[in-house]
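Chain naming follows the written order as A, B, C and D, and within any one chain the residues start at number 1.
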Amino acid sequence: MAAGSTFGKNFRVTTFGESHGPALGCVIDGCPAGILLSVEDLLPYMDRRKPGQSKFTTARNEDDAPEILSGVFDGKTTGTPIAILIRNKDQRSKDYSDIAEVYRPGHADYTFDRKFGIRDYRGGGRSSGRETAARVAAGAVAARFLEHYGIRAHAYTKSIGPVSMNSFDPDEANDLYLPDHKAYLDASAYLEKLISGGNSAGGVIECIISGVPAGLGDPVFDKLSASLAHAVMSIGAVKGFELGDGFSVCNSTGTENNDPFIPDGNGNITKSSNHAGGILGGISDGSDIIFRCAVKPTASISCPQQTTDRNGNTKELRIKGRHDPVIVPRAVVVVEAMANLTIADALITSRGDRL
Amino acid sequence: MAAGSTFGKNFRVTTFGESHGPALGCVIDGCPAGILLSVEDLLPYMDRRKPGQSKFTTARNEDDAPEILSGVFDGKTTGTPIAILIRNKDQRSKDYSDIAEVYRPGHADYTFDRKFGIRDYRGGGRSSGRETAARVAAGAVAARFLEHYGIRAHAYTKSIGPVSMNSFDPDEANDLYLPDHKAYLDASAYLEKLISGGNSAGGVIECIISGVPAGLGDPVFDKLSASLAHAVMSIGAVKGFELGDGFSVCNSTGTENNDPFIPDGNGNITKSSNHAGGILGGISDGSDIIFRCAVKPTASISCPQQTTDRNGNTKELRIKGRHDPVIVPRAVVVVEAMANLTIADALITSRGDRL
Amino acid sequence: MAAGSTFGKNFRVTTFGESHGPALGCVIDGCPAGILLSVEDLLPYMDRRKPGQSKFTTARNEDDAPEILSGVFDGKTTGTPIAILIRNKDQRSKDYSDIAEVYRPGHADYTFDRKFGIRDYRGGGRSSGRETAARVAAGAVAARFLEHYGIRAHAYTKSIGPVSMNSFDPDEANDLYLPDHKAYLDASAYLEKLISGGNSAGGVIECIISGVPAGLGDPVFDKLSASLAHAVMSIGAVKGFELGDGFSVCNSTGTENNDPFIPDGNGNITKSSNHAGGILGGISDGSDIIFRCAVKPTASISCPQQTTDRNGNTKELRIKGRHDPVIVPRAVVVVEAMANLTIADALITSRGDRL
Amino acid sequence: MAAGSTFGKNFRVTTFGESHGPALGCVIDGCPAGILLSVEDLLPYMDRRKPGQSKFTTARNEDDAPEILSGVFDGKTTGTPIAILIRNKDQRSKDYSDIAEVYRPGHADYTFDRKFGIRDYRGGGRSSGRETAARVAAGAVAARFLEHYGIRAHAYTKSIGPVSMNSFDPDEANDLYLPDHKAYLDASAYLEKLISGGNSAGGVIECIISGVPAGLGDPVFDKLSASLAHAVMSIGAVKGFELGDGFSVCNSTGTENNDPFIPDGNGNITKSSNHAGGILGGISDGSDIIFRCAVKPTASISCPQQTTDRNGNTKELRIKGRHDPVIVPRAVVVVEAMANLTIADALITSRGDRL
C-alpha cells in the first residue's frame, strides 16, 4: 500500500523501526484466530537471523528478543492484530558524523536524502538490514499458520561468489546455511580471502515451498509468481528473482520446457517434471514451488572508496564498524519469511474463489 | 488488491476480459487531470502488440481498436476513471471441446480448474496473452503522463534462444524487435527451424527507463525494484526478473559492484557506473533504470504432447490453431507498458513524501 | 482506494463513466466462481432506477440495457472480473454553455473545477446521479451471490418532506416506493405542489438486511456499521446515516438501549429487542440490520437562483431540462445496491477469520 | 483494508492492542517527512481522553504515556513509519470469570465469539474503548501535519441526553467538553441522577473542521463525506453520522437547502450559507466542514440485566468495575482524531489530482 511498509492483502504485515532507534517491530493484521502461538515459536527464526554468531556475520550484539504485545490470548491468536516489539540494545554511541554527510556507495543514503530531504543516518536507519528482524518475526507467525496446512518453506544458500552447491545434504549444518560440506569449505576459504582484503561477496539463495495446494494466486496482476517476486525483491540486497528453470528457459524449447500432466495413481493429477517451479498461469499447481534470488555483495566494505558528500564534494570513504562480509547466510531466513508471508496471504485470499 | 486484477496504488489499472468473450478492456483510476489524450495516442502501442504482423506471430485477425469510454473531455483527461474498451472480433467458431477436457502442458487450464472449479476454456480465457492488450492500452496512458516529466521506457528483445544481441543499433527495425541486424538474422533462422518442427522458443527482454528522477519507490516492501518485479513477473510467460547487473552480482565483489558517487559538474551528484540498475535501497537514484526478464518458450506447440484430461486419463494432445512460435517480440511492448504503469504509480505516490 | 472509484476489499467494484459520455459501467473483481448470472438478473434492479417511469422522475430516455462483457461463461461466474457496460443513449445535443460557465448551487461544478481544473460539465459529468446505474448493476451481482446465503437487502422510502410512513404494507406498490398508501397520497400531493413552484423535496430511505449471519464486519476501523455508512454516504445526495435507533439513542439510557440476549429456543442465542440495528461492536449479531439515510432535496431546481460564474461574477441561473423533483424514490435501489455490495464484501472477508 | 485495523489510503494508521494486554499502539505509514514532532505534541490529546479525570469518567488509572519508537529523527518526521507505544499499566488482577462466560448486553462479547471462536474477554479486549488511545495518538500526528496548512478540527459535546447546547462559549471549559455553562450544569444534574441509578446516558458530538481548502475528497465512492462517515462510525458507540444540515434536509426544499455561490470580495468564490456542511459532490468546497455523530448510552451499567451465558442459559448480570456513565466527553477527542486522520489522508491523496 501507499507508503510501502505493509505487505499482503488479507494476511497483512506492517513493519516499523530504524537500525539505531529505540525499537523495531511489526503488526500483523488478518492472522486467523485459533493458532497456537508464543514467543518461543518466534525464537528459532530470530536466532537464525541474529548477528554475531559466526565470523561471517557482524559482531553487533543484539538479543533480538521479541515481545508479543497483542492479538494472542490463552496461548492462541484471537484474530486481532498481533504486534511484535524488538528493542534495539546495542545502539553504539559512536560518532556517525562521517556517514551523516558522506554518501556510501551501494547504500540508500543518497536516495533517502533525495526522497525525504532528511534521513536517520545512524546505521542506515530504515534501510538497514536490521529492518528484516521484524519481517522474520512476522514470517514465523505465518509459518505457524501454514503448518496447519502442511505447507513449509525451506531456504538455503545455493552459491557464494563462484562456489555453488553440487549436492544437497539435509544433515549438513553450517554457518553459511550451505547444505553441501565441500562447497561450504570452498566458500569459507573464498570469504576469508575477501575479508582480509576488506572486500565482500554475493551469492544465490534458493527456496523450496512444499505442501502448497493447487489453486493459490490470482490470474492477472497478482499471480503467485509476481507476489513472490515482489516479496523477495523487497529484501534489501536482492537484485534478481527467478522461478523454476528461471533464466535458463530462454535457451529451452517448448517441448523441453512444458511439464507433462500425468495421473498420480491416486486419482489425482500431477506433473512428471517441474520446469515451471510449481506455478502455472500465476496459480500454484500442487508441485513444489522453487525459486532463487540473487544477493549482491555487501555494500559496506572497509577498503577505501571514492564518493561525494551531501554537497557534491569528492570524498574518500573508509567504512568502519561491524559488517557482514556476505549477506547471503543471514538473508536465508528472511527469504523464508517472505515466502511464508506470501503463501499465507494467498491462502486466505483464495478462500474467496468459490461460492 | 484482492482478486488480483488491479495494479497500482494511486495510478491504478484494472483489466477485464477473456480471449474469446465479447471484449477486453481496462479502467484507469487515479490518472491526473489535464493530460492530452486521444485514441490516436494508444494506437502505436496497440499496433506493436497486435497479432498477425509477421511470420513469427499468430495469424489471429484482430483490429485491436480501442474505444475510450470515459475520463476524457475536450481532448484532456479529467481526473475521473478512464475506461478503454477493445472488442474481440475474431472469435472463431471452432470446436473447443478438445481443450475443454484436456489439460495443455505449460498452460493454466489445470490450475484454473483447481482454483475456480470452472473456466472459460476458449482460447485460454482469462489466462490468454490477449489479456495484455488491455495492459498495453493502459500503459499508453501512463506513457502520456510520464512524457510530461521526460520519462520514457524503452524495451527490446535482448536474446532469442541461444542468439543474443551483441550491439545496440537504434535504427534497426525488425519484426523481432531485436536491435542488432546480425542477431536478428540468426534468431530468424533459429525460429524457422523450430517452427518447422512444431516447436517454440524463449528469450530475454531488456528495458531501459530514462529520465526517472531520484526519489521514486518506497524504502521497505514497495521498493521500486520490488514493484517492477511484481509488474513484470505478472506477464504470462515471464519466469525471471533482474535489475542492473542482476544474477551476475553473485560473482562480483563489493569493490566491483558498488557504484561510486561523483559530482556531475552541474552541482549535482551522479554515479560513475550503474551496476545497481538505477535503484538504491528500493529508491530511484536518477540513473537509467535497467532490467531484464526471462520469457519461456510458447507453451502452445503443435507437435504431440502427453497429458491428461480432467478426469486424470492419459491423453495425447496435438494443439491446432494460431500460435506465436516465440512470445518475446509481442511481449516487448507489454514489458514497456508494465514499466510505465509502475513508474507512473511511483511518481504520484512520491508526491506524499514531504511536507 | 486512491482515486476513489473502487469500493470493497475482496468483493470489489470499480465504476466509470460520465452522464453524457459514450457509456457507463463497472468492473467487479473478486466475485466468487459458480454463481448463476445473466443480464436478466440485472434488469429488475436497473428498471427500478431507470428514469422516465413516473411524473416524479426525470424524463430522460435511457434503456439502461447492461451488457456483460466478461467473467461469465456457460451462464456462471468464473471468478474473473465481471465487466458490465451501459451505453448512454439520450445524450441530448443541447447547449451546455450555461452550466459550463456558471456554478449550480448544491452541485459539484465548483468543487470539480477546484479539484481537477477541468470538468465534463455535460449533465454533471461524473457527479451525475447517472453514475449510480453502474452501482445498481454491480449491486445486482452482489445480490445474486448473497441469495445463496439467504441474505436479502430491502430498501424503501420512509419519508418525503414532512410526510412519513406510519405502517408498512408489503403489498403496496407505487412510484415513490413508499409502502404506505395513505402516506403515498400525501407525499404525492406535497411533491406536486413543489413541482408547480419549480422546487424540490428530500426524504429518508430505510433499509433492512435480513439473513445476515453473526460475525460479519471487523472490530476496529472496518466495523460493518462504518463500512455501511461509507457505502451509503457515497451516494450523491445523502447527508446522514444512522443505524438501529440512530440519533434517538442520544435521548435513551443504558437500561433502555441495551438489547438483552435470550435463548432462541433452538439452542442458539438471539436478542429480545434490536435497538442496535443488528450490529454490536462493528460485527453483525444475527438480527436484521436496519439503517436509514437522509437524502437532500434535488439541487437542480427550475426557479431562479443567485450564483456566480467561473470568474466569480454574480449570475442568475435558471436550470432547464429534465430533473427529478425528489431523488428519494430512484435512490432506494441504489441504497439497496450499496448494502448488498457491503455485505458481499464483508462475507468474503470474514472467511479469513478462523484457522 | 482486509482485517480492518488500518485506516487511510496514503496517510495510513494501523492500531493494535487489547484493553488488558501488555500495550496498545499504532503505526502511521505515509506521514510526510519534515514535520516537527515529539511526545509532547501527543500529550495534550492523550490527556483529554485519559480516564480518571472527572466523576463522569472511569476511575481506571492509566498514565497513557506514549513512546515514539520510530520515524522521528532530530525532532522531525523522516517519512518512515511512526510507531507509538502505550503500555497498559492498570491491568487489574480481578477475576474476569463472570464476563468470560456471560454476554454483556450492548457489548461485542457475543459477536466476537461468533466471529473468531475465541476472545480476550478481559475488559472487552480489542473492543474496549481503550483502543481509541492509539487513535488519539495517531490523530495528534495528523493534527501536526495539518497545522502546516492552517487546518484544524475542533469537536465538542453538543448534547447529553435531553440537554442540548444553546450557545457556544469558546471560553467555557468543563469536564463534559460542553461549551455552554448553563447546559453543562443541566447535563451534570441529569448524569448524577443516572449514576445514582446505575444507569447511563448518550449524546451528540459536533465537529467543525476549519481551513480545509476546496478540492479534497474523491467524486464517487471515496467522497470526503463518506470517508468522514466511515471514520466516525468506526468509533465504538457511534450510531449515526450527519453532515451539515444532516437529517433535517429531509424537511427542507431545494430553494432553502441550496447554498448560493457568491464572490468573496477578494476575487474568489464562497457560499452565502453552509447547509451542505462544507462538502459538495463529495469534495470540500472551502467552507467549514461541520458534522455531528450520535453516541449511544454506555453499555456497561451496574443495575441488573437479563442475558445469557455462552451456552445460551439465561443469566442475571451485574457489571462491576469502573465505567463511564456517559462516553461522550471522552469521545470528543476521538472524533477530532478521526477527523484529522481523514483530512490528512485526503490532503495527501489530492496531490495526485492534477498533472
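Worth pointing out:
Methods note: contacts are C-beta pairs under 8 Å (C-beta built on N, C-alpha and C of every residue); 3 or more make two chains touch, one makes a residue touch a chain.
Since we're looking at a predicted model, the values are computed, not measured.
Distance between Cα centroids is largest for the pairing of subunit A with C.
Two chain pairs, C-D and B-C, are compared here, and C-D has more C-beta pairs in contact (counted per touch definition above).
Annotation: 45 Å between the Cα-based centres of subunit A and subunit C.
Chain centres here are Cα averages; for subunit C and subunit D they lie 26 Å apart.
Centroids of subunit B and subunit C (each the mean of its C-alpha atoms) stand 38 Å apart. Residues of subunit D in contact with two or more other chains: 1-6, 9-10, 15, 30, 33-34, 79-80, 115-117, 126, 219, 349, 352-354. Interface residues of subunit A facing subunit B in the complex, by the touch rule stated above, are 1-7, 9-10, 15, 103, 105-108, 110-112, 114-117, 126-127, 131, 159-162, 194, 199-204, 214-223, 225-234, 236, 238-264, 267-269, 276-277, 279-286, 294-301, 303, 305-308, 312-314, 349-350, 352-354.
Within the complex formed with subunit D, the residues of subunit A that make contact are 1-6, 9-10, 12, 14-18, 21-25, 27, 29-30, 33-34, 67-71, 73-74, 76, 78-83, 85, 115-120, 125-126.
Touching subunit D in their complex are the following residues of subunit B: 2, 9-11, 30, 32-35, 79-80, 145, 148, 219, 348-349, 351-355.
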